[in-house]
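Both of the next two complexes hold chain A, though its partner changes from chain B to chain C.
Moving on, here comes the complex of A and B:
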């Protein structure tokens, strides 16, 4: 269970997050949606201790973010940041291999290597395994980073817009894989999505953020309404219900 | 594949060392070997210290242009030394045990470097131009303060600090060899133990944090080791500006890998080949008209300009 209590965050005196409290129980896919600049990435970064916490408290099971040992946290929670910068010397296999670092700390076992190969196979990276990252297309690189996060094999996965640059097939495959992890391995996935239709199709729960606050929370079919789209995103995209699921007509 | 290259480099270094020890001996071989052996050891220590410090610094600062010397680490060392002479007075300073003195200087250097460069790394990470400018300004500032202090002290005191203010590979301070070797090997050993952490730190602060390797802690530890290595090298030969850069650039060229298990020993070997081979060539082949420091600094300076131009274009 991830528990966020009274989390507030300022950058240069400007309030970015305001008093956020939310609990994400173990298992399931939670989508985090909201307009640009709402604070989604900041929230995820704070959960994954990528930026230092200012106010409030975040716990992942019994681990307290910012206090517990970093190595323990790295085996419990993995994050895929929104912007990843690629060190050019690395090949795809090297990069994905780093996902196992929290376990082997520099001395990979045969099991670690097997997991890396498996991760590359799942995300269609085997033909690219020896290519260096700076020779890849945007989507191929994104897949490599997703695979690295995947092989970290943690109970909690935080993904910040993982569908960036991915084509339709890769996007659906990734979402199906996450669904599978949640349903069959009791993994917990928190995922930032901009495409509401992906959120309603694959998530169990939708958290809506605007201007640093949580403004809606619940099952996709309850939360995603035309009024919400209008008030949160300030655009009048019509909504249809197809097979019991709300679909935004873009 | 890189293993073979390391082996070749080791053989090259061995050949250079043998050539340095055994060619052109006039008079007693025993005496020559004693004398040259010490100098060889000093060159190897300096080479390894400069190389490993440069590679580690480039890893934790996330660029391939800046080195400890360009950022003013050695200027800091000379300043500390000068300040000590000013505070104690030359006679009292020279009474002190040189080994102990070096240990003290190295310790002060560590503390100052972690404060100063730790702050710089945190503020300037990812912004090469800002780091470069701050580093260059900092180095100039440290040198000016040193210059000011050296001007107000009397000539006898000046003679004491002067020895530490200029690079001279041919007259390495062999009497400090024992302490230097101890410090240097200790630091190199710890750097070797950090090799996997350095691989992760090279991924940048975000990735290394999420893999359980917080950059601040790793950077601080690396800065400590770098300070010791620079202190040792500066105490032995004085400040060298671009040598580390020459070595690190060659290392990435010869060993294009991200793995510090290869990069660290590789850079130390390359550095040794340049110093020992260069010293041998200059002393015995070209009969010593140009000091080695001038040659390597010139080459290193050219590499610096080339890298800078390439970096700016991108």
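Moving on, here comes the complex of A and C:
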């Protein structure tokens, strides 16, 4: 269970997050949506101790973010940041392999190697395994980083816009994989999405953020309404219901 | 033959060859004579070791620095590290003239560490999309520290030392005068043990934190390696430019950025380049010699220009 209590965050005196409290129980896919600048990445980064916490408290099971050992947290929770460094000349296999680093700390076992191969296979990276990251296309690179996060094999997965640069097939495959992790392995996924239709199709729960606050929370079909789209995103995209699911007409 | 075996072979040939190059003629035929043995033992062999240790450790220091900075255009001599080592040594020589050589070295490496931390504190604010700003700021920063050293040296009539520290050369290397370089070599070898951590640093702070790395601690240990290597080489043989810049770039093009794979090659290439340059420096105006730093400065500048243009063509 991830528990966020009264989390507030300022950057250079400007309020970015305002008094956020939310509990994400173990298992399930939670989508985090909201307009640009709403604070989604900041919230995720705080959960993953990428930026120091200012006010409030975050726990992941019994681990307190910012107090517990980094090595323990790295085996419990993994994050895929929104922007990743691209200029590195690591091969895809090396990069994905570093996802196992929290476990082997420099001495990979055959099990670690097998997981890396498995991760590359799942994300269609085997043909690119020996390619250097700086020669990949944007979507191929994104897939490599997703695979690295995947092989970290943590109970909690935080993904910040993982569908960036991915084509339709890769996007659907990734979402299906996350769904499978949640349903069959009791993994907990929190994922920032901009495409509401992906959120309603694959998530159990949608958290909506705007201007640093949580403004809606619930099952996709309850939360995603035309009124919400209008008030949160300030655009009047019509909504249709297809097979019981709200679909935004873009 | 594998690349490593080939490298070891080439390096061994250069190493042995270098023993027979110098002002005093010496051919492999007369190694049995006592004079020849004394010459090899007291001067040629120490010189060859000093060259290899310097080349290998400077190249590794440059590679680590580039991973920490996430910038391919930095090296200890363009980041104020070498200049800080010099300034530190100067201050120690003035304030504690009776200090042992070991203590002087330690304090000079410490000054180099402070200087590198200062460099990273300044450059981390620079926009990452302007990679050339980092070395530019580094050159200015190193220039300021270097000028401070020159000023103090001028006031205290110690300019000749600064001259020696600024121009790396091995002509004075003898048994009993270079052994501290083994520490620099050791520091470089130790970095192999944590090679994975340095490779991960190259992916940035976020990825490092996500993988449970103690980011600050790993950066600091990298800076310690860089400072020890730079401090010791500046003091023992003088500054040698470009090795830390050119070698890691060439190696990265060849085998990529996984340090565990590239580090041995970097060490061999650094050692080989300085060894070849030092042989050339001894031959070009035989029986006199030119400072190896001058030779490498010319080669390095050419390669650096090629790198810059090569980069421009790669822009996607």
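By definition in this document, the second predicted complex is superposed on the first by the 249 of 250 C-alpha atoms of A that agree within 3 Å, B and C clash if a C-alpha of one lies under 4 Å from a C-alpha of the other, contacts with A are read in each partner's own complex, and residues count from 1 in each chain.
We adopt the following convention: a residue touches a chain if its C-beta (ideal position, glycine included) is under 8 Å from a C-beta of that chain, and two chains touch if they have at least 3 such contacts.
Because the structure is predicted, anything quoted here is derived from the model rather than measured.
Aligning the two structures on chain A places chain B and chain C in a clash.
When the two structures are aligned on the shared chain, A:98 is found in touch with chain B and with chain C. By the document's definition of touching, both partners, chain B and chain C, reach A:85. Looking at the shared chain after the overlay, A:70 reaches both chain B and chain C. Across the two superposed structures, the residue set of chain A contacted by chain B and also by chain C is 48-50, 70-75, 78-79, 81, 84-85, 87, 89-90, 94, 98-99, 101-102, 105-106, 152.
Across the complex, chain A meets chain C through its residues 45, 48-50, 70-75, 78-79, 81, 84-85, 87-91, 94-95, 98-99, 101-102, 105-106, 132, 149, 152. Within the complex, the chain A residues that touch chain B are 48-50, 70-75, 78-79, 81, 84-85, 87, 89-90, 94, 98-99, 101-102, 105-107, 152. Across the complex, chain B meets chain A through its residues 195-197, 199-200, 202-204, 206-207, 209-214, 256-258. Residue ranges on chain C touching chain A, taken from their complex, read 70, 194-197, 199-200, 202-207, 209-214, 252-253, 256-258.
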